[in-house]
Amino acid sequence: MNGLELIALTPVLILVLGGTALLMAGAWYRQPDPLLAGGISVALAAGLSALLLTPPVQEIAGLFSSTPYARFFTLFWSLSAALMLVISVRYVKERSLPAGEYVSLVLFATAGMALLSSATSLIGIFLGLEAFTLAFYILIACNRHCDLSAEAGLKYLVMGAVATGFMAFGIALIYACSGSFHLPEALQGLAAAGALRPWGLLGWGMLLVAIGFKISLVPFHLWTPDVYQGAPTPVVSLLATGSKGAVAAALIGLFASGPSGWTDMTSLLWLLSALTMLVGALCALPQTNIKRLLAYSSVVHMGTLLIGLLCQTSDGLAASVFYVTVYCIASLGSFAIITSMADGTSEPTDLEQWRGLGYRHPVRCGVLTVLLLSLAGMPPTAGFMAKFAIFHASIQADFIGLALVGILASLISFAFYLKVIMVMFMTDETAPACHPGTTLEHSVLAICTGAVLLFGLFPGLLFDLIGSILP
Amino acid sequence: MAILPHIPWLTLLICLPLTGAMLCMLADERERTSHWLALATTAIIFVITIGLFISYGAGGAGWLLHEDAIWIDRYGIRYSLGMDGISLLLVLLTAFLHLIAVLASWPIERHAPRFLGLLLLLETGLMGIFLAIDLVLFYVFWEVMLIPMFLMIGIWGGEQRRQAALKFFLYALAGSLAMLVALIALYLLHGEQTGSYTFALAELMKTRLTLPQEILLFSGFMLAFAIKTPLVPFHTWLPDAHAESPASGAVDLTGLLLKTGVFGMIRIAFPLFPAATRFALPLLGILALTGLFHAAWGAYRQNDIKRLFAYSSISHVGLILLGLAAWQITAWEGSILLMLTNAIATGALFVLIAMIRQRTGTCQIDELSGLWGQAPNLSALFLLFALASLGLPGLANFAGEILVLIGTFQTHPVWASLAVVAVVFAAAYILRLVQGVIWGPISGTRITYDLTPREWLILVPMAILVIWLGLYPAPFLTPLHEPVQLLLGGSP
Amino acid sequence: MIVPFEHVLAMASALFVLGLTCTLVRRQLIMILIGVEIMLNAAALALVGASAFWQQVDGQVFVVLLMAITASEVAVALAMVFYLRHRKGTIVADQFNRMHG
Amino acid sequence: MSETLLFLIPLLPLACAVVNMLFGMRLPRLFAETTAVAGVATSTALTLLFWDYSVGEGTRAVLGTWLSSGSLDVAFALRFDALAAPMTLMVTGVATLIHLYAVGYMHEDQDYARFFGLLNLFVFAMLTIVLADNLLVLFLGWEGVGLCSYGLIGFWYSKLDNAKAGTKAFMVTRVGDVFFGIALLWLFSLTGTLSISEINAQAASISPGVVIVLTLLLLLGACGKSAQLPLMTWLADAMAGPTPVSALIHAATMVTAGVYLLCRMFPLISLSAVGMTAITAIGALTALYAATCALAQREIKRVLAYSTMSQVGYMFMAVGAGTVSGAMFHLLTHAFFKALLFMAAGCVIHLAGNENDIFKMGGLARRSPPELLWVFLAGAVCLAGVPLTGGFFSKDGILLALFTHGDPVYKLFWLVGVITALLTAFYTFRLVYLVFAGEPRGHGHPHTIPMQMRWPLWPLALLGLAGGLLNLPVLVGGGERLHHWLGGQAGRHVTASHNLEWLLIGLAIVIVAVGWAAAHWRYRVFRGARDTKTTRFLLDGWRADQLVDLMILRPFNAIAGFCWIGCDRTLFDGTLNVLASQARASGNLLRRMTTGRLSSYLAAFAWGFLLILGWVLMTLVGRGGGH
């Protein structure tokens, strides 16, 4: 590893070093505001450096890339983290969470996401994944006043650990079969392997299990609603966006670099995608807790994303990147709204608490409506263009059956998104008012809504960008 | 508009209501302001459409107005709008009915700014649908229109409003998602053949498809349009939506939303898939006839006046579709005219029903009686529009109906003859309604006042239109001649 | 290499399955975590074998990384177990089921 | 240009109607009444003024285009010709008198503007029928009269039965309109035009089979408006309306619209012998049916209503026998004497203190002003066909035409006509005796009859009695003026040997005498109401209403219920509900997977892994097999 590579790694270094510094500062200095402000600035700085600093090399230590694609996601996760920290400010204060640890763990997780999105080697994938998973183990359980938080932490921990086991063993088998951790070689090695090929395929299968856990594909999704419900809402906002998005980004990179062992398992992925969409949508229908509902909604979204990946065409991958981006923005915004309504002791999670809230908090509920509609895929929000792009790719690649399943799931999804809207606007005003939210929180909402509408009305902006960065 | 040739009128038609909607939403809690704002917006739009109608009312081949710009380059999606004689009339209708709807929603007290904002948003969507000639653009407007309607029914509706709104939304959505798939598939097929990937309607019409392909894609589009129209057996959402929606929502619903389905068939489904159309027309005709009778029968048993007119709308739509299925110029012009006339007559009726409801607190037939004795003016106008809806010669609907019937008889005498029978059915349910509501013993003294000046202002223009369209529909038929000829030119 | 590579892999797989079975059948958190450790060790074994097979050090490097990560994971996990025991007085995994459905 | 002024004839009443409807209630009562009467009276004057336009081929006037699309081009056009002119004059003239009468009749009613507005509107619509140049304009009037009839029958809407009677009238006539409508469509697609004269000109080129069907369709259309079998049930109930309405609409004008339509389309329908026979048969059957019903009626207006149906049946027979002039002749005389009878009946009801039931009247000869008895009697003798009255000549002409028709089956129709004449004489004199003779049986307090209700009766009485002069047969020295006036549109010229004619006249006299004698014998002295099965059967109009209810309304209602509840509610909504609840149920089932227990989550993990493992194996096996 030479100096040039370190320069290329600057954003991640900023995140990690900044995180460490804040962790230490937090040990002496327990005022949350400066710590969080520091965290936000570190995240923004990382984002800025990813945006402005042209890396001198394309690959770092054979583990990570620093292509525009990687930089895009580094920027994106840094910004997400910044936004997440912004909405955490009041939350951390009011619930007296340990600010230093909180901020540094978020920054570490972000670094992990950035690394994962830019991984070019199986080791890179493993490292990045573990980096943010470890951070999340703690973040999820960090609210020590809440039983549910602990329970969620436990569930995520145990499941995550098992998934790590699967991933490690899968990587070992792939390495055994191909003799390389570096993705292109590993993929080629699989194609060339003779007697060891079954082991290689098995390895890819185990990798799929681990990844299925991370992005919650059915049947590895069961932890999702529990963890989303129990974890502190700002953490969920990052968990739902960054952790899933980074894995998705890595997957997109993987699919872009050539046919993997999964190419042989197209029909399996087809099945997983269909199952994920349908089961997710159906399970979301009877939910009465908005966080669980959004958890299942994320399950559906990951199933839909898988369609784009399956196509393995450039259109499909571009669609997937678009989809991930848009999903993350809308999802972050939705959790941000819940956060902004939370006060020191409670937050409106049960739909009963949302009854008629559209009249007490018209702006935020209106924004939530827009974001939910984007998640549902309604024009003129970005969600529609995302869905359009995915279905376009799938029909183009002759996955018409899957597209139809997607349509069906989309239809069912509308039912539960509309349920939330109906609860907010179409019931009598019974729920008590929530916290009015701070200006900072409102600005996050404005950014998310603005982005969702901007990319809905002018998706060309994002599509052009994606077209230029896609590996 | 020869004087100001460079103004993008069509974009203006779409953007003005959108701007108005935003301003209304911003005027939160200032109800009067938002009312006047909405009124001003709709009035300006109406004036513009009148201007367009005067300028382009003579009709002509091709697009009378056309605007085009790149929107999403990656998929060859363009922001392209075009107006021909048919859309001219529908745009005019949209502008007029929204003006009426804004006036009719004056009594709405609860969250009026938001209601008006949604109403204007709906107008944007409708204008877009009638003007878009790029399929994705069309689809976007097609979907956009659902949300305000959903909210209007769900927030300002009656007892069962939530179920009705959800049913409406999901039903319509099911259709449009099918259309989305068909639309993308068509785009890809066209792209593979010609190498140019585009969603432009005119280009896609040149796609060469095999019959099975055509039928498959055609069914995708038709599902969306048939549900929205609604064609039996996809109609059951409408009575619920109607019964629950507020007055101006109902005006929009019956007057315009239903027309978008028919318009979609005329503008998109038929021209894109001529062979499949030829194949499907008999089926369409039979379904239309079934709907005509089925809905008339359904209407006969309703006790809720709104529900009754919902069924009556379905029945009328059956006649409209029958005219389309006849594939004959007179029938088509009649169908389009009937779209207009039915929108006005039924729209006025919904406004009147709201007025009755406002006064008596009910719109159940068996709870009402002898309205004439208490509010003769209101009753007289109710009777007028009911008679128009019944197809009395000299009033609006008759002009459309007779054209449809005469045209249909040229190609399908049996259909037309059966359709005439349905005329009695219309008389049956409407007279039953009038007998129950207008006539009969005066029930208490529940109504304390007749029409107010605002209500006169709403109803008189509509009454004049109903009579005008009945006696002198020529200005509204002229712009249709050429586009209809063009559309019929190709197949069957 | 004395032992055929397939045998190494088979051994590692057996170990992995054992570990997995342990996580599946045991209800005590500690035991589940031990199962996970066994799974990770199976991975390490396979990696070392593969490293030898391919005559590379990459595999061994990864094993070192794996050990580090395992260690940190165990640290977090044990802290968590301690915390949970403190809160709820039990470390039976299925007792933590307030959220479901 | 000046022929366009012809439009003033129908449009004046329309204008007055509009004025009355819009402003009637805001203006003094006198104004509304004056407007109404003046409008119609001016129309009458104009008709006389423009009379010359009707000579020969008549005059066509065009106001503007109505509908133009494709090959269809319909104009607002009217044709004032030999057939239309006398009809116009009759309609406007009788209407003027009835309007005057109505001013008196309605002087206590508060809702006068609506009444006069509708009445004027009716005159407009009726004139539209009469003057229409094409079928669509005719249809405009056709539906217009239906509407006005509807509004006026249910004029006293606060009694629901009245409103129901109006609805029934509208509905039944609309059933007839369906057939007329189909005929209209068919004629257009055959000839490419809707102009009546052009259709008639092209009639010969239409294939005979089609002509038969067209004739039957037109006949059914006419039946609806003219209350002929099988669409006759509405007329008796229509008597719920105010008496001037019954006189104008349900006696003199609207019910004869069907006859007029058939006369208009005569060149077409006369091409079909089958059709003509059918017309005659319908006429004959109705004439007989209605006469039998009239025998047992108790309400004075219902007696007259059934007699109207019966007389219109004669007119149908005349058309069927090929003599348009005979039909028009009877139409005109009937209009005079039936309007007279109704208006007189209105006075009678007034005198009897709003008592309708003739069994509760009696002795009115003494209580009433003498002139009332005389005018009533004048109408009655016309109706009964007492020699030398207008009714006698017109009816006799029809019977002669039937008798002399070539087809032997017409002899049967003639026989029916004769029997009907006998019954007519009987029930007419029964009515006279029950109302005027004997002792008063009712207890109603007599109202005074205003002037406006009295003197319009005289001109009508005169016209009725002397109506024969219009078309006096050659036999008694007349010139058959109406027949010659109609010229080419007059239909068959009925000729017979003088001996035969004398024979028939003799028979007619005998019939009237027998009828009178029987009534005299039976009702000179009232012997109480008889209530037997037969009388009840006849009173209910052969229970036609029950039949309709059983055969049509109930099935209709049942199907309607099926469509709504069976189809929409159960089938379509049911399917949707099942889908929705299935989705919810499967959602509930699937969410049970999320048990909350880690062990089951891990188990799911393992199952997923097994699934993938199985897939890998299958892939490998499949690959191996492939090699």
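Letters A, B, C and D mark the chains in the order given here, with residues in each chain numbered from 1 onward.
Just so it is clear, a residue touches a chain if its C-beta (ideal position, glycine included) is under 8 Å from a C-beta of that chain, and two chains touch if they have at least 3 such contacts.
In this text, all values refer to a predicted model and were calculated from it rather than measured experimentally.
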{"item": "Chain closest to the middle, measuring from C-alpha centroids that were averaged per chain", "value": "B"}
{"item": "A-D against B-D, pair bridged by the larger set of C-beta contacts", "value": "B-D"}
{"item": "Whole-Å gap separating chain B and chain C, where each centre is the average of the chain's CA atoms", "value": "65"}
{"item": "Geometric centre distance via CA averages, chain D-chain A, whole Å", "value": "77"}
{"item": "CA centroid of chain B to CA centroid of chain D, Å", "value": "37"}
{"item": "Chain C and chain D, separation of their C-alpha mean positions in angstrom", "value": "96"}
{"item": "Numbers and ranges of chain A residues touching at least 2 other chains", "value": "154-155, 158, 162, 166, 225-226, 287, 415"}
{"item": "Of all residues in chain D, the ones touching two or more other chains", "value": "591, 594, 596, 598, 602, 609"}
{"item": "Chain B residues counted as touching two or more neighbouring chains", "value": "none"}
{"item": "Pairwise chain contacts, counting only pairs that touch as defined", "value": "A-B, A-C, A-D, B-D, C-D"}
{"item": "Chain C - residues contacting chain D, complex", "value": "20, 23-24, 27, 32, 93-94, 96-101"}
{"item": "Interface residues, chain D side, partner chain B - complex", "value": "21, 25, 64-72, 114, 136, 139-140, 142-144, 147, 150, 154, 157-160, 162-164, 166-167, 170-171, 174-175, 177-178, 181-182, 185-186, 188-189, 556-557, 559-565, 567-568, 571-573, 576"}
{"item": "Interfacial residue positions of chain B with respect to chain A in the complex", "value": "28, 71-75, 111, 114, 136, 139-140, 143-144, 146-147, 150-151, 154-155, 161-162, 165-166, 169-170, 173-174, 177-178, 180-181, 184-185, 187-188"}
{"item": "Complex interface listing, chain C residues touching chain A", "value": "5-6, 9, 12, 16, 19-20, 23, 29, 32-33, 36, 39-40, 42-44, 46-47, 49-50, 53-54, 56, 58-59, 61-62, 65-66, 69, 72-73, 76-77, 80, 83-84, 87-88, 93, 96-101"}
{"item": "Residue ranges of chain D in contact with chain C within the complex", "value": "591-592, 594-599, 602-603, 606, 609"}
